[in-house]
């Protein structure tokens, strides 16, 4: 472990999420960094990965021989499935989430705030990707985790008192995993659950009043 | 008795007109009705209202129609990975309505199943809530209304003469829901099978929802983002 | 044809309904007399019979060899299916009806009125069978037909100005087939479409003001 | 990792208590969870709220529990053909709530799919509308709310260790919907198969909705009204 680097790699962020997963639980993975999780989960944990385009039981990646144009995840990437997988239509797929049957949901984000609100679908006047399934995914799972780099490319911290970008969901996030640490939005503040090795509170770029320590 | 089986896309799309609203199945390029989309391009229909999760992707699928400026209105959930749509949206050439994906599919199902409205938490407290009725159950919810269309064009891997369909892997996505919701549902299949070949228990979409069906041809079945085990 | 009998048999009533069916149409059959229809429809009409417990493509009856405990109609009677049949859950089954995908629905009735309202699920203080699927079935089909004997066992006419029994649906019936004739409820009256051979208007037991002739 | 597979009904129903609300699959006697119902009888649970289309029929199924006066509340759509229920309903021993069948199944689906309420025309203008919010879309509709339960007991012809299920013919009826809606879903199967034996496309109910599954035994599979071709 190199202290000089002072932040987690993507894979180390992924491992923080994996630590939070109970054996045998069901898990939805959003587009972007979260999809990396599928490849790093130890099979013996028996996690059932859901992708909202209509599959439960995502395993990893296909081989060039087994690849199928009709077998993809919500990021449109080719996947493979494990024994016991199932396919279903989009209405059933989102019903699984909305109805509370998926234990954990991991999404990417542009901003997240102390209230647990998330913004990840548009930057007014600049970029609109659309919300895709994110506005549905944030309601229903018992544990909603947002994974995002702590700072934007322009160096702005993404953990704010209140999001300034249009919201994906209001007060919906339970845990935040960045390259600097793991946080719980409490409504008033970000409770620090864990920091990456060598990272100090000052480096977080979050005003003191917005930080609290885990009890 | 009139048969539902048509010779090809040209025969099946005979009455589609400028200005039609058209639902198109598929997630990205997975499960898209390639033949019907290309026929719409050939017909040169204009001013279409496309209802589809992505309105094509990576320059293909419904993006074939975007390139020809055939779509003036789009209802979808995601425009990322679709530069044609992003460009025409920012240039105000296409009026885009973004709908959360789960709400999108449930609104389409509602239209098909005769549900006149439903409450969902998705979008509550966001811009999507603007102009919508809100109501708190265990949490704040929005009233969402059915989404229908003049036509649905969808693709299935297998189908029979009555229109019973079977979809492979994740190609199912929005297609059976759209088939239920549209006034006229036109299905293209990779394989037109005999009645009874799809076990009655395994029919994904009963034929009563299908008005026209034809055997498609020359499928590209493009993979957008091939990722392989070896690359990890 | 015997004039002395002055009413249609059940099978003749059934044939009145069959005449109304377009080739290739889809048809839901209620419990009771309507189930007889399945056995009399000429196969060449290509009718798709729906039973709301979750089957489309009812054919007729099984043989003692082919009978299956898991293949029944909404009347809980054993059935057989034709090629191209499909099975589905109850939510999909009623969605087919509610969504307008079933062309014709035929129900039994206790009372029906000039407004097209139907009563067929309970007699207060006497008999409650429950509405079953009837309250759903009367909304959605393009053609809702009620089949019932013209008079009750106590000799009371079942075609009324307004139903006196609790309603199954209000203003939902398009055609009425009794053993005496075929009628259309117009809102104000029962329009006579056809009478069984030898039946006179007087025999119908419907007040003059409630009867009208087909244009 | 805890397994979902239980030895038998006794093991699977270990925590069901007096006063529980229990959804039970089946249409008449078709597709009923015989083993779980008999176990509830053996346990002698009282004051149950049964949610099922018919609450048994012809003296069997949930009627086994009616005979022992174990059910105090029933939500169903049809009581015809169930003399035990009719009798106890008229004697006010069981409080019966009648729900139109399509509304019944859609309310159960809504609970499972996280839909907080929906509008349907069924029951509008009838006694069923009393006390309910009414609203006119293309026609008058009623607002209906989700229907859930502490337990669902259902039966499938095939199921695997994760709980993926496959139903035969019309035995499907309300079962997959109830499995989605209840807090704890207990499935009995005629055949416990290996993971993967049910083709992923042909899974009728994904295992994520199932908490416990066991191989059932000694099925009666009673036919209520046998009618044969020869009799016509």
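Think of it as A, B, C and D in the order they're written, each chain with its own count starting at 1.
Operating definition for what follows: contacts are C-beta pairs under 8 Å (C-beta built on N, C-alpha and C of every residue); 3 or more make two chains touch, one makes a residue touch a chain.
In this text the structure is predicted, and so the values were computed from the model without any measurement.
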Chain B and chain A - chains in contact with each: D
Can you tell me which chain lies farthest from chain A, using the average of the Cα atoms as each chain's centre? C
If you average the CA atoms of chain B and of chain D, how far apart do the two points sit, in angstrom? 33
Separation of mean Cα positions, chain D and chain A [Å, integer]: 36
Go ahead and note the Å separation of the Cα centroids belonging to chain A and chain C. 55
Can you list the chain A residues in contact with two or more other chains? 55, 87-88, 91, 94-95, 97-98, 139-140
Chain D touches at least 2 other chains through residues 106, 109, 113-115, 120-121, 167-169, 172, 200-201, 204
Touch graph of the chains shown: is it line, ring, star, complete or other? other
Which chains touch, pair by pair? A-B, A-D, B-C, B-D, C-D
Touching residues (chain side chain C, partner chain D) in the complex: 39, 51-55, 60-64, 67-72, 74-80, 87-91, 93-95, 97-98, 117, 128-137, 139-140, 166-171
Write out the stretch or stretches of chain D touching chain B in their complex. 106, 110, 113-121, 135, 137-138, 141, 166-169, 172, 199-202, 204
Give the list of chain D residues in touch with chain C in this complex. 27-31, 53, 57, 76-81, 86, 89, 98, 100-106, 108-109, 120-128, 139, 157, 167-177, 204, 221-232
Which part of chain B faces chain C closely enough to touch in the complex? 1-2, 109, 111-115, 160-162, 164, 180, 194-196, 200-201, 203, 206-209
Spell out the residues on chain C that touch chain B in their complex, using ranges where they run on. 23-24, 26, 45-46, 48, 50, 55-57, 81, 83-88, 91-92, 94-102, 139-140
